[in-house]
Structure formats: C-alpha cells, structure tokens
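Please find the structures below.
Note that subunit A is present in both complexes that follow, paired respectively with subunit B and with subunit C.
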Partner chain A sequence: MNLKQGRIGVFEGVCLAAAALCVNGVFGLDPEYAYSKGNSTYLSLPLALMLALEIMLLLIKAAERTGSRDLAELMTDCFGGVLGVILTIPVLAGFVFCAARPMTAFLEVLHRLIYDGVGYTSILAYVIPVTVFIAWKGFESMGRLAAVFAGIMLAAFVFAAVSAAPDFEVYRLYPLIGEGPGRFAAFTLSELVFFIPPLLGLLVNAKGLSGLAFVKKISFRAAIFAAVICGVTQLCVALIYPYGILSGLLMPLYRLNFLNLAHSYALRLDKIFIMIWLNGCIITAAYCIYSAALLYSKLFRQRDVTPAAAAFSLIVCGTVLAKAGKSFGFVYTADRFLTRYGAAAAAFPAVSAALVGLIKKRKVKA
Partner chain B sequence: MGLLLVITVLILSLAGCLSPVELDANGYVVLIGADRGVNKKYYFTLALQRELAEQNTESEGGAIALACEGDSIFEAVNELEGNVPYTLNFSRTNFIVISRELAEEGALRELVTTSFDSLRVRTSAVVLVTDGEVSEFVGGMYANNDANISKLQSALMLDEEKTGMVSVMSVSRLLEANAEGRFDYCTALGSYDDGIITDMEQKKTESEGKNPLGYVEKGDRVGGLKSLVSGTALFSGWSMTGELTREETVFLNMAVGDFKSGVITLEYRDGSTVSVLLSMGSVKREVDFGAEGVKAKLRVRLYAAAHLADEDISPRDMDEWLTGDLARFLEGRLYEVFEKCRSAGSDAMRLGTELSKRFGSAEELEKFGWREAYRGMSAEFIVETVNVDKYVSERMQ
Partner chain C sequence: MPQKRNNRSLFAFDEGDERFELLETERGAPEKQTGWNDSHKKSRKAGAIPRSVNAAEKLLRETFSPEINPDLIIRRFRTGGGTEALIAYMNGMADDAKINEFILKPLMLCNDKKPDAESLLMGVIEISETKRETSMEKAALDVMDGVTALFIEGEKECILLETRGFEKRSIGPAENETTVIGPKESFTESFRTNVTLIRRGVHTKDLIVEPRPSGGRNNTRLALVYRKGFTNPELLDEVKRRLDGIAVSDMPGSGVLEQLIEDCGWSPVPQILQTERPDRACSHLMQGRVCIVVEGSPFVLLMPVTLFSLMNSPEDVYLRKPLGTAIRLIRYAGALISVMLPGYFLALALYHQGVMSTEVLSTVIASRKMVFEPMGAEMIILLMIFQLIREAGLRVPGSIGQAIGIIGGLIMGQAAVAAHLASSVVLIVVAASGLGNFCIPDYSLQISAAYMRLAVVISAWMGGLLGMVAVTLTALCHLASLKSFGVPFLAPFAPKTYRKRTLVLRGNIGMHERADDYANTADDAEIWEEA
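Right after this comes the complex of A and B.
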C-alpha cells in the first residue's frame, strides 16, 4: 500500500483544513456574482461555513452509525459499490474546483498586476510543480507544512487589515444585505461549494487524523476559525470598497492598501502578502488534489495513490490554464455555473449519505 | 526515489526570477500630466524619478521630464519609449496632474478608466487639477531640487492634516464616486507662481558671492516650490464644476470629518483680527428623506483657542465669544460652503454616503436618484465650540 497518509495531530489538521477553507472563502469567490448587487459576504460566508459544518457533523454521525472509517467506506456502505461511485463523482469534481478556483484567481493577479508581460504558462510553471510535489509527498507532509505556514498567513491577513483600517468607512457596508433576504439566502447556499469539499477532505483522510472522533474535533475548530477569518476579512474589504467597485475588482484583499498610499503602513508589502497567501493556495490545492486521489484510490481499490494524484494534478493544471487563458469557453461557462449552482452538486452526495447513514440500522464493524 | 530526484532537479531549475530586469531597465514614472494638445488630443508630461548617483544630493536628484502629444496615453507612451533607453514603468506613479480645461471637459474619465489597469498604475495615486499649463506646474514641483518627488504626495497629505486647507483624494475615491454616485469627488487645485524664490535660486545667488536674499523685495515669497495648492477642485461626476479657496476647504473638511486641526482668522467684536486655533472634536452627520425632500443635519464639535494682544478683554468675554459668536460664524461659513458645492452640483460634503444608510437594498438605492434629490435638499449646521483655555484652567484648579 502506498497511500501516503501518515498521521497528523489536531493542530496540523486544523491548520490544513482552516487554510483550505479560508483560501477558498476569501480568494475563490467570483467577484461579479458575489458583489454585483451589494456585498453581504462578511455575513454569508460565516453562515455558509456553519451550514457546511452542520452537514459535516451529520456525515460524521452517519459514519459512526454505519461503522464506516472514512468517506469512501461511508459512500459504499450507504449506497453500495456502483451508486456510491457515481455519487462520489460530484465530490471529486468539488475537490478539483476547490483546488483550481483560488489558483486561477492568483494566476490572474500575478499575470495582470505583478509580472508584467509574463504568460500564464510561465507563472504556472513555478506554482504547479510545488503543488504536485506536496500532493505526492502525502497527507502528513502537507499537514505539517500547513502548521508552519498558518501563522504567517494569519499574520499577513491581520497586518493587511490593520494597515487599511484608517480608510475604513461604515457607509460602504450599506445596503447591509445587498439585494434583499432572498438573494442573501441563495448566495449563502451557493457558497457551500467552497466549503463542503475541504471539510469532506478531512473525512477522506480520517485514518491520517486518527479516526472519526478527531475528524469531528478538527472540523469543528477549523470551521469556526475559518468563519471568523473569512467574516473579518470580507468585512475589512467591505469597509474599503463599496459593492459597485468590488464587482469589477480582481482580488480585493490584495488591493486593500491601494486606497491611500501615504496613510498605508503596509507600503509595498502587498506583494509580499500575496506571495504568503499564494503558499496557502498551493497547500490548499495540494490538499484537494491528494484528497481527491485518495478517495478515488479507495473507491477503486488502488494500492498506490500517486498515479491518481498525478492524474488529478494534471486535471487541475489544465483547468487553471484553460480558465485563466480563456482558451476553452466551456471551462469558463462551467466555472460560472459551479460558482452559482455547484453547491447543490457538492452538497447532494454529502447530505444524502448523511441521511441514508442516519436512517440505516446501527452496524458494528469487526 | 528516482522520481523524487527528477522533481527536485526540475524545481531547482525554476529557482530564478520571473521576468528578471536590470535595475536601470525601467524608468519609473512618478507623475503623469495631461494638458490640451496642439496637433493631437492631449499633451502628456511624464516626470521620472532621477536616481541618485551618490549620497550627495547637491547636484543630483529631482526628476526628468518627458513630454509629447498623443490621442491617448498609450500613444504617448509608445512614442516616448522609442526615444529612451529604458521601459516606462508606472507602478510608482503618485500623481496624475490634469489641466483645468481638461478636468472641466470630463477628460479624467478617459484618462483614468482606460489606463489604470493596463499601465499598472496604483489607484492610490492622487489627482491634482491645475490652473494654467500642466508642464509648467510639473516643472514647479521639482524646481526646488527635491531629491524625491514621491515624498510630495506624503507632504500634501500631511498638509491636509496640519492645516485642513487641502483636500486630497486618491484615484480609488474618484472611481468609487463615479461607480456608485453616493458622493462627488473633490481634490487639490494647484497653481504655478513664478515669483517664488526657490532654494535653488538662493544657492545660485550665493555661489555668485552675493547675499542670497539681497534681491528679495518686501512681500516676495521665499523658499519652497513654485507649484502651490491654491484650493479645491469640485467635481460633479467626472467633470470639474467648481472650486473652493484654501480657507473654504477648511469648512469642507470640517463637514466631511477629515479636519484635524487648523487656524482660521476672523474679526473680533472690536474689529481687531484674531486667529483661532481649531481642532476637531466630533462630527455627527444625519441625512433623512421624507415628503419634504432630503434634509441633512450636521453637528460639529470643535475645540477652540484664541489669544488677543489686548489685555483688557476678560477671559469671560473671550469665552463668550469663542462659544457663541465663533460657533455662529462657523455655522454660517459651513452653510456657505455647502451652498457653493450645491450650486456646482457637487456633493463634495459626501452627504449621499449618509443617505445610502437609509436603504434596505441595492435596488432601492440605485433607483433613488441622489443627484436630483441633492439639488433640492436642505441642510442645517450646528456647531459647538469648546474653549480649550477655560477647560484647561478649570482642570488645573
């Protein structure tokens, strides 16, 4: 067996999951959809995270009830071999989406705002090998790496927000929930696509986290932590840029200090910050690629995770290039569709597995 | 293991820089100036930071100016890049200087919206409108042999904080004002004074063995830059529609809440002139709308201190004047500035930002039509002044 799971503790697990949730929540959003009719992301993102956590806790309960040790087992226990595999396809797609979406945003910023005249492929040549390398090294390596980078990433978030504080204006938050409660609810639900896959990754890697009890503990802590970070970060962004500007702005967090040059304590630090956050994006992508590969390997009883990891790395790389380079229209359309309605596809297998698992008779495995 | 080695070698081969450039391969544009062209639409002046060859700033420093005509900034940049041995880099641009004529025609829209992301200009750059020729104004900004023109932006903002007589806003605020229409943009209005005797001229006279101030006549302004901030340019949307003097800018800043401290000069009861030192306490801004239209109420609390040479004025009289007459004077001036802004169709006091808090959804806000409502709105200013000297003496006792 070459599943490269290893073992990590609660702290590493929380760092890894929280990094993936924060990166997706902060950098994964489609600005056109998120901000076109008011900005309520500072409320909707924490709410969506709590919803995703609720689904995750139900899944863990179902897994405990059915005696499943991880997500792959839970899917086959609940739906049988064939249906289990079919229902897992949206989960795998969700992992690819959560790996590719923030990376595309970073690639766009690096290409358009930082590396003058450097193509997408050249930039990706620096990013993808590192991502693939981390994914291939396995779960334990990326967990420990996340623990190292979590503090630096958090410090960058805090410093960027604090340095922009003199330019915060409360009126920019208004109208408070954008287009009204209906749109707010729909938008909150749509954001589940960014949070369900990273949380499911913990269940996929349950063995590497020493069992379901630890998965539950880690999911809870990571979701709470990420809800605070995403909420505060989006609030800072909302206090700096009104929704009319945000809908056309690429990665507003990077431009948080662009409002007033002389008042900024973080003069020119934005380029350093984006590199720190890029590390978080790389770890997130590696985590999603590895989780997808491990889930696939377990479902198809593969004894080695690396071929699947290689395949998923290629898919992510191709998706990022196609989306950033706008070379394939269908990738762009699929991305728009997933950011709006992907939550249903991501939540359906998880919710149905949780319901079936909870309805099923309690089973104790030998 | 073999695979690991291959990956390691591949990664090591990438351990360089993306798009490496030599230090002198870029010419950093710190200022973009736009004026009306003769043969083409615009006449652009670009000021580049001159890097110091050594620590001595006596003979080096300042800026290099490049100028040419073009129908767009891209055309001008292409033209200029053909004549210089480096690439023009706009990532350090701090100033956009535009002539009054172009500002009144709304040319800022074309200049800002088409160029910023493409040229990678940071939206923290500050816009200045200038009376007269832009090239002359730009020349006046570094005629003082200032080694670092970038520092001028900080100096301008410091001036805003210290005197309250300057209003500076970044391009980011200009874009915000025009994207949402909750308020109107205003920024510093500059002018060029050729009569100012700069440090450079003083040094030149000194080097000739003459008294550096020997030829200065009474009333001449000595030292500093030839380019000055003479007031505030008021915008309605993308076009400049009016202006405020430096003194009026103090009241604009007070109403907005940007005022920190400053000095105003006015007449005392006996006709003598008195300078009052003011510092900001608080501003409460309320804007509401109903059947009678939009109504704004602004409560401003200021700390005031004044000293008269006349020793006959009792502290009680001074206190009465500072808390009574002065407050009424300030209320009157605030209203006058409001009227001036309104007659220019410019919500430079940003009252629309307060009104936007009254709306429950983005759709309602967008439908409201703030600009029309602003023209018919009424405003009330209530000023409370606190006599700082009285407060201090009471506390000491």
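Right after this comes the complex of A and C.
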C-alpha cells in the first residue's frame, strides 16, 4: 500500500467524483427547466457527462503537453498570470454553483416535506458546520468518507428507483426527446454546468490523486459510473411521472416510494433515503468548497487553504440561504440564468485552456 | 531539519513528495529531553566502577543510603584465595538461595590468588546469565531490578549476575478478553513472563525483543517486540522515535504509554490495541505489527491498528468459518445497535412519526402515558443509569458486581417503569443498546461507542434524523482522518487496499497467507519493486 501523505487512491477518487456527479445530476437539476417541454434527461444527462469527460480528457492531455501538474498551473501556463486568474473566476463560480445547487434542493425538501415549517436557517445550522468540518479536514478524509458512503448511496439509489418498477409505463416517455433535436442538444449542453466543475475538481487535486495519469483513470471511471446512475435513475423517474407532473415536483426520486410501497413497511424508508443522499450532498459540497479553495490558494500562492475554505463555505452558505429563502431576487435570477446558460461559462475556460495547451509547444518541467 | 508539529498547516498541499505518511505528524529527530533526564545522563557518564572494593561500597552507600534503606544488602567477603570482594543486591528482588549456592559458595571456595572477572566467569560462578559492566549507574539500575552486582578488588568492571527472584502472579485466564474456545493464558505483570509467553507463540528466528528506556523517572522496563526484516522498518523507526521523545515523571504501565505515543490524544477512539491475550499479540506480530511489553502491566500494546482489527476477537479464528462469520456479523450489528438505536428511536418518536407503523407508535404512546419527563431526557437518564450500573459492577468484587447488575438491571428497571419514571419501550431500547455495546470486543472502543451513543441521542433529540446525520458524518469524518502510526484507521476499506482476507466475514483460513497490505511488511516487497 502506498502510504503517501495527503493522497487518496483510485477507489476513493472514483467514489468522490462519482458521488459529486450523481448528486449534481440527480438532485441539482432545475425541474422547471428540465421537464418543461418533455423529459429527455435520461438521455441528455449521460450524454452531457460524456461531453464533460471529453473536455476533461482534452484538459489532461493539454496539461501533460505543457508539463502542468494541476489546473492552476495549466491556467497560468496557458494564459499567463493575470489572464489565467481572470479565466479561473468562472471555474471558481462553477464550484460554488455545484456545491450550492443540490444543497438548495435538499434544503427545500427538508423544509417542505420532512421538517414541516422549520426555518431554512435552522436546517442549515445542522448542514453547514458539517460541510465546513469535512472541507477543513482535507482531501484525504473526504475521499475516504466518500468511499464509506458510496455503497450505501448506491443501494439507496437502486432501491428507490427499482421499487417503483411495477408501475413503469413506457408511454410516459412521450415526447421522446422533448421538443426536438435542437432543444435536446441545447438542454444537453446546458447540463454541462453540473458536470464540468466536479470533474475539474479532480484536476485541481491532481497531486492528491498521485498525478495526471490517475486523474485520467479516475475521471473516466467516475464519469461512466455516474452516467449509468444518472441515466437509470432519470429513466425510472420518467417511466413513472409524465413530464407535466415532474416540472412541478420537488425531488421526484424521493416521491417514488409512495407509489408502490404505500402499504408496506418499506415506505418508511423514504426519509432514511433522503438522509443517506443528504450525506452525499454534504460530501459533494465539501469537495467543491475544498477544490475552489485549493485552486484559489494555488493561484494566489497561499500556503494555507483554511482561510479560503472558510470564505468559500460562507459564500456557499449565503447563496443557499438566499436562494432557498428567496430573500434576494437577484440570487434566484442568477441561479435560473446559470442553470440555463452557466455551462458556457463553465466550459469556456476549460475548453480554451485545453485548446491553448494542445496548440502550445511541448514543455518538459523538471 | 526536524519540523515542529505546531507549524504544520492543516491543509498542507505543497509538501514534498518524499514526505511519507508514517512520518507525517512528527518528523525528524526527537526533541532533546530536558530537566531530570539531562542530569540523569550526566551522572551516568560520571559514575565509572572504582577498582577498590572500599570505594565501590562507599559509592553504593551514597547511592542507596542503606542505613535508612535496609532493602539493599551489601555483603563483603574474601574469596578462597584471599581477594577482597563485595556483592550487592536488593532484598526481596533477588533470590537469596541462588546467591548463597551459586555465587558466594563457589567464590569462597575458589583458591585463585588473584582472580579477575574473566576467570571467575569462566570457571567459578555458576550463574548462566551474566554481564560485565563498567558504569556504576547502569549497575545500580540493574541491582534495583533484582540483579546481583559483584565487585572484585582491582577490577575496573563489576559482574552483574541474573538472580531475579521476586514474587509474582502466576499466569491466569484472561479476564477482559474471554473466549470459549482457544487458549486460556493471559499476560501477567512480570516482564519476563510476558516476553516468554510471546516467544512461545512466535517460533520464528526473526523475533526480536529489544529493551528500551521507558522515559519515565521510575525506570520502568519496556521492550519492543517485532519481527526483524519482516516488520516495516519505517513503522519501527517511528515507534522508536516516539518512545525516545517521552519524558515523564512516572510511567506506571501500558495505559499511560499508550497515551504518550498515540497519534491523536484527544480522540475518543483508541489508536493502539491493548491486549491481555498472548495469542492475540502473537497473531498481530505475525502480521508485521510492533508490540510493546511494559514491566508491571498485564497488557501489551500493539500497533498499528485499524477499526476492523479492534472489532475482531481472537475467538473468530478458532471457530469454523460459518460460525465465525455469524458471530462477527452479530458483533457488527451489536455495535451499530449500540451507537445508533437509541438516537434513531428518539428521532422517529419525536420528529418522524410517519416512519413508524401505527402499531409501534401507539405502543410507544401507551407506554409513555404517565411518564412525566420528556422522552429525550428519559433516554439520557436511562443511559446514564446504565453507565452507572456498569461502572459500579466493574469496581466491586466479582460476586457483588453480578448482584449489582441484577439489582440495577431487573429490579431498578421494573421499579422505574412501575413508578412511571421511565417507559418500558425506552427501557427496552436502552437495554438492547447496552447489550450491543458489550458485543464490541475492545474495552476502549466500548467506552468510545457509549459516548458516541450519547452524542447521537442528544443530536437526535435536537434535530431528529438531520441531527443524527450531522453527528454521524462528523464522527465518520474524524475516523476517516484518524491514523494509527501512519496507517489510516478505516483501512483496508477506506483507503481500499489489496487484501485477501475478508473484512467483516470470517473467510477461509487459507486466505491468511500474507500480512495485511497496509502494514507494508516484507510480504509487499515484490509489489513495491514492481511499483
């Protein structure tokens, strides 16, 4: 066993990245937008994941070519100091978005369906300290924690999705790809915002994953695994609920149990499942916060990530609270905007860095 | 350059690749000992053995003050050839008969006119274990331990003769780690007996018993036991380094030593295994772990450990596979029930009644009809009472302890329900959780689980399942970050390592052909080379 400090292995890396991708893919979606004209998420999500993986592989290739060891180095190698920092801002925003979006969904569910009427702040008081603690403990602990929860989360996904199998109806898939190929393509591209940041997190933590070769291996496995989970879960949901109902439904996966298991003891598992997925959401948020803090610290040559992690935790907490409480209209608008068009902002720095890196002359660093 | 622990960044991401986890927290040479230890070293250098017996006697009298400390016996005599000699030993620590028969008698019959240490050892003294010593300080330490020192006129060194013969407890059955099948022997307070018990279990040429200074002012003897060439040398260095860094006034036993050398002192979870069973110690030694035997302690320390090794019982391997597997599953289920059940029940009863079936809910409501205190308080009070009974049962003699258990468990419980101080359902939950706690084989881990249970109950009372998630995730994150001598505490599951042995299930004994991967023993040498 390789006992290097601060490193995690392939298994933990895959668990961490897959958990972040699945949580974002299944719980991060905006139902109003995703199911407005039909439900094609079971196709578009895996496709978006494959696109994100392709961008990631290009970035890794560019990093190998430029001799960069992680994303921070790649950005400065490709664009220089100032432009590199400017182009990294959307990436940092992407991390905040991916940490806050699923947490907002969970906060909403907890507020409306589990703890009826309990304030958002009271609920967040339990969630945020744990998230900050995990981020504070660092990448190693986070990876191991993801490995501990991976099996339980997977079991919860499979059980929740498969339990509704007797009620599956194929006709509910109509219309097959929403309003047509154009909208389907646009929707697929818009979903990149959920998948690019978690994958970029691996590149930010490249050293913690023992180098680019392992990042490549982990990205590939995590993306394939997450594509299957997201695709199957969304297909199960689509086979149960027509898109008209889905667009107004809060966390449909949570609701699946009510259909078939209403008269059995297994129905009682719904709240347990939501808590299991909440664990995944917290780990995802901690991973995104830590990645953002590490990227920031590397760009600005900070030796300690703690202050940056604390700052990003505050930003995520504020965003979640503002979005859930609808106290600031602009946050709500920004969220809607990012859900639809954020993919462009998230993909632009990554794609441009990949292209510049691939065009630039090969460098070998000592 | 040695790095100080305090200066280390919590999120150190820019450290060099060469920095190995085993040396993660405390790197480099240990800090120099200060205070009493420095004077200790100086006096050690100053005290050479004088050639004159008179001077040696004077030195001994200065050191031990025999006029007010009659335990030290100083016996002057002439050998058969007329040479002045002196023996010194501690009364009660050394065997008088041995001294008379095999040291004094042959020396007094020896006709050599000018005997030296060499000739006496070769042809006169009839003691098998002997040593020549030039330092008065070291000789005095050995004398305090039951060794007899022999000084001969004109010799610049003394002869130390193994005559230890103090009273000690005989080997008895293990009291805390009992098994139905398997050896009944346990360690005693005697250092030598404990080492012998280990040697009897590990018949390998590479077994080393290396004496080390304990770092305590009371000069407690301790020894590192390991398999040379098999145990990870970096692990061994790290253990030695931590032992060298100890400077305390008193080292009463293994429990104190454990706290001085473990990775995270404030963690409730043990990072070193204390066992009283020689078979368990031998099994861990064969796995490439390091063992520390401490004089006066009936427990030995084993390191590194993981959560799964703490959850294993020696009996597992003595039982057949299906039975061993079943017992292990029950143990893990017991541990889970112990930690989670009271909190889970409280969360459902107070916040998520919908998760309970109507029948269960109505039973709970009916049982709490006349109980005046809130359910959370009731649960905490009952858990406290359970801990009280347990603690009281442990501290009183055996038969009374059993009586306390019966009185506490049955009569008090029954009376509390009858007096409407507690509900029967909550009492059953607490009792089940208490029983589950006893399934955990390690005593320190049992206590940790009991406190973890209390934290889960409080959080469930405050926030239902959400509170439980918060506390459980925090605790698991702590366990995930915890290390025992560089080995992650949740290995070999997280991080996942190569293993042939099953983790929770017993598996085939045939799978035990090589040591665990995380121990990085010589078994892994080929894998390292390939890497």
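Just so it is clear, the second predicted complex is superposed on the first by the 355 of 366 C-alpha atoms of A that agree within 3 Å, B and C clash if a C-alpha of one lies under 4 Å from a C-alpha of the other, contacts with A are read in each partner's own complex, and residues count from 1 in each chain.
One rule holds in what follows: a contact is a pair of C-beta atoms (placed from the backbone, for glycine too) under 8 Å apart; a residue touches a chain by one contact, two chains touch by 3 or more.
Owing to the predicted nature of the structure, the values given are computational and were not obtained by experimental measurement.
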Task: Would you check which partner chain A:Y243 touches, where first means subunit B only, second means subunit C only, and both and neither mean what they say?
output: first
Task: With the two complexes superposed on chain A, say which partner A:G67 touches: subunit B (first), subunit C (second), both, or neither.
output: neither
- prompt: Is A:P129 in contact with subunit B, with subunit C, with both, or with neither (first, second, both, neither)?
  reply: both
- prompt: Between subunit B (first) and subunit C (second), which, if any, makes contact with A:V305: first, second, both or neither?
  reply: second
Message: By the touch definition at the top of the document, which applies to A:Y174: first (subunit B), second (subunit C), both, or neither?
response: first
Message: A:F11 in the overlay: touching subunit B, subunit C, both, or neither? Say first, second, both or neither.
response: second
Message: Let me test your reading of the model: by the given contact rule, A:Y115 touches which partner, first (subunit B), second (subunit C), both or neither?
response: both
Message: In the overlaid three-chain picture, which partner chain does A:E140 touch, first (subunit B) or second (subunit C), both, or neither?
response: second
Message: For A:I282, using the defined touch cut-off, is the partner it touches subunit B, subunit C, both, or neither? Pick first, second, both or neither.
response: second
- prompt: Just which bits of subunit A does subunit B share with subunit C as contact spots?
  reply: 115, 123, 126, 129-130, 133, 136
Task: Using the touch definition up top, name the residues of subunit C that touch subunit A in the complex.
output: 9-15, 17, 19-22, 24, 351-352, 354-357, 463-470, 473-474, 476-478, 480-481, 486-488, 490-498, 517-518, 520, 524, 531
Query: Mind pulling up the subunit B residues that touch subunit A in the complex?
result: 7, 10-11, 14, 18-19, 89, 94, 117, 120, 122-126, 153-154, 157-158, 170, 172-173, 175-176, 179-180, 182, 353-354, 356-357, 359-365
Field: subunit B partner contacts - residues on subunit A that touch it in the complex
entry: 37-38, 112-113, 115-118, 122-123, 125-126, 129-130, 132-133, 136, 169-171, 174-180, 241-245, 255, 257-264
Field: Residues of subunit A touching subunit C in the complex
entry: 1-6, 8-9, 11-12, 110, 114-115, 123, 126-127, 129-130, 133-134, 136-145, 147-148, 207-208, 265, 268, 271-272, 275, 278-279, 282, 293-294, 297-298, 303-306, 309
